[in-house]
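The structure under discussion appears below in the form of structure tokens.
Just so it is clear, A, B, C and D label the chains in written order, and each chain counts residues from 1 on its own.
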Amino acid sequence: MKKFDRKQMAARVAQDIPEGAYVNLGIGLPTLVADYLPKGREIILHSENGVLGIGPRPPEGEEDEDLINAGKEPVTLLAGGSYFHHADSFAMIRGRHLDYCVLGAFQVSAAGDLANWHTGAPDAIPAVGGAMDLAVGAKQVLVMMEHLTKDGKSKLVERCSYPLTGARCVNRIYTDLAVIDVTPDGLHLVEIVAEDLSFDELQKLSGVPLRYRAAA
Amino acid sequence: MKKFDRKQMAARVAQDIPEGAYVNLGIGLPTLVADYLPKGREIILHSENGVLGIGPRPPEGEEDEDLINAGKEPVTLLAGGSYFHHADSFAMIRGRHLDYCVLGAFQVSAAGDLANWHTGAPDAIPAVGGAMDLAVGAKQVLVMMEHLTKDGKSKLVERCSYPLTGARCVNRIYTDLAVIDVTPDGLHLVEIVAEDLSFDELQKLSGVPLRYRAAA
Amino acid sequence: MINKIFATPEAALADVPDGATVMISGFGGAGMPALLIDGLIAQGATNLTVVNNNAGNADSGLAALIGAGRVRKILCTFPRQADSWHFDKLYRAGKLELELVPQGTLAERIRAAGAGIGAFFTPTAFGTRLAEGKETRHINGRDYVLEYPIHADYALLKADRADRWGNLSYRKTARNFAPIMASAAKCTVVQVRETVALGELDPETVVTPGIFVQRVIKSPS
Amino acid sequence: MINKIFATPEAALADVPDGATVMISGFGGAGMPALLIDGLIAQGATNLTVVNNNAGNADSGLAALIGAGRVRKILCTFPRQADSWHFDKLYRAGKLELELVPQGTLAERIRAAGAGIGAFFTPTAFGTRLAEGKETRHINGRDYVLEYPIHADYALLKADRADRWGNLSYRKTARNFAPIMASAAKCTVVQVRETVALGELDPETVVTPGIFVQRVIKSPS
């Protein structure tokens, strides 16, 4: 079996985002999706710190400390971009104006519950950012994560053991092994992306039953 | 007895508005206050349709249909003025950022209840505008009205018979006869403005007991 | 390529169904989308619920839509005007339902719809006839009334300039209700004085980002 | 003549009392009012409640205020950072209270304070640990959590340009929390890159009208 690497995962997510979509890419792995959006497809990226129309990272030496994304990385603004304050930015999110958000995850449950902000460790310093708003607000919540934890456990679970970010909010999951839809009757496999991985093998690596479904 | 005319009433209200105040002048009689603000005293006028820093009426022929006040009259904008949308405009009002509003009234009660939007007539078409927001929002609610109705009844009443605009919201009342404060223990006379009117005569014309009080 | 600029009001309004809730911007004449209202009259949708500050003046714009008998219900703050005769007549005849809303509550309910707020407590109208039957609550020394969002199927708006992404700027007090209505409707249609190339609107001064706008029509000059 | 421009941060911050609630703008470094935070440290007020997106980075700005032991409680959304060591140490020692708030709820609670809203229902955090103990309600098919406004005694903000009435414009994503914090504080103090003559800011592009601003300080260039 050959798993997708991070770049392949980002490209696979990018492929599903249509022309004209308004999209928020979460901090970390999801940010990588921006680099793989198909050329010529106009997609408008939002960041919760008050900007629509994010462009590529600026060339070295041309960073502007006043122009950053939610991950506090320097970005640029495309022609047609705009700035707004935090309440307006989250009005866009909470008011269901974003077509997609792409979030990382620790765990996703069979019901689409998302856990991505807290490991539940009693001594951990919690931090939530905009994840809970994105989870309830975006029209389509896409999760992008490795299929397994570092010690080989499935991140797809019957019930999240980590504290929830949002309940029943995830629509589609992209892992390094597969693309999986969350439906009212459980998880449906859209596509196996890892090379030389059978459905039965994927099922064994997954903590919840998967069903076949024709790709959307 | 010689009552104050409308201009004298407006000038008397204007005299009490201090330098630097943010003020909303209601439609009708209160709008007249703008013409009597003391020269050299910088006062910033707000209108609920989304403008701060209203200047005088434009010269004939220089009206701009996109620059109007809440009474839909053409106005101008002073240097330092700004525009904003209706939700932001009423955030200013409701959020207690306006120092003063000046409103007309049908009736004011001894407790400071205000009735200024509806006569209670069953066949009347109601209209409320921004009055209820101003009544609860401005730090100081000033009422400007004639002391008596056209048929000689006191507009100061024990209890409003007309539907309320706001409860216990009025701070000071300016009539063509007197200036009166609303206090926790009833109405206090600040000043008689009509010529040749004694306190006893004023009391007879008023539907509620008035007390003397040193002018503020 | 994203292009929200439509060629004609007919095309931009073709799918408005009977029974739709339609927000219309403007405060008096300032910001009233006359071209789009005329387009809606020509289009023929009826049984509409309209959200506007007023209930029409004289015989054009919203008053003409009301006069044509297309409006079932209106949510507004100040229907009664010297020249609101079309409204007055149908209202008195019991043919037009009115929900009278204080102006700031109207604005905040529209904004709440756009911002995904389920309900909010406002001090406005507490203790008055307009709060009768509504849930109230005493919070931190003050009395409040619970109010719910107003969502719309369409918003018909007027702005000053737009680009093909639907970013908008406005002119003076013609801004009024348009930015919040844009956020509260499923389909926001905007008539503008001028369309400009992408990037011509200063990103610091875009008042309505294009995410809230679906269709743009340039007014004939 | 109205003149909100102060000569020094000392003068603009002289009256901040111990125990004050202080909002501080900025998202990371963008929009962080470093001059005013340094002024507050020098001024000496302690036992403060601070509202910010984060809990300080490295050893300057908010981190320095926390490191100096002046903060009793912080309301923020993302305290944990690679370089939030001042916060981490005091928090782990039980010397600093944390109220963790989802970012959109933090923004909306600040906006609600400025807008006179008594409380609001938001869908964010429903069913999560951050909604535990809070009132919830099912409205029109969706679940919501009741949230209350956050008021402040002072807001320390950074903007780009200001005039003597306190009108403000911002630069790019440095705008972030400043406009809503300006509305939520009894006394809003702003450091700006540049002060300009009245009328120099385009009235269409003033982001924070001066009604929300009490004091302005020009940053040394």
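Please note the rule applied: contacts are C-beta pairs under 8 Å (C-beta built on N, C-alpha and C of every residue); 3 or more make two chains touch, one makes a residue touch a chain.
Remember, it's a predicted structure, so these values are computed and weren't measured experimentally.
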Between chain D and chain B, distance of the C-alpha-averaged centres to the nearest whole Å: 35
Euclidean distance of C-alpha centroids - chain C vs chain D, Å: 33
Whole-Å separation of chain centres (CA-atom averages), chain A against chain D: 29
Residues of chain B touching at least two other chains: 77, 83-84, 87, 90, 93-94, 136-137
Overlap residues in chain D, where contacts from two or more other chains coincide: 108, 111, 115-117, 122-123, 170-172, 203-204, 207
Chain-level touch network, classified as line, ring, star, complete or other: other
Pairs of chains satisfying the touch condition: A-C, A-D, B-C, B-D, C-D
Chain D contact footprint on chain A (complex, rising order): 47-51, 64-68, 72, 77, 83-87, 89-90, 93-94, 118, 123-133, 136-137, 163-167
Touch list for chain A against partner chain C, complex: 19-20, 22, 42, 44, 46, 52-53, 77, 79-84, 87, 90-98, 136-137
Chain C residues touching chain A - in the complex, by the definition given at the top: 1-2, 111, 113-117, 163-165, 167, 183, 198-199, 201, 203-204, 206, 209-212
Complex contact set, residues of chain C against chain D: 108, 112, 115-123, 137, 139-140, 142, 144, 148, 169-172, 202-205, 207
Complex contact set, residues of chain C against chain B: 27-31, 77-81, 84, 87-88, 91-92, 98, 100-108, 110-111, 122-130, 170-180, 207
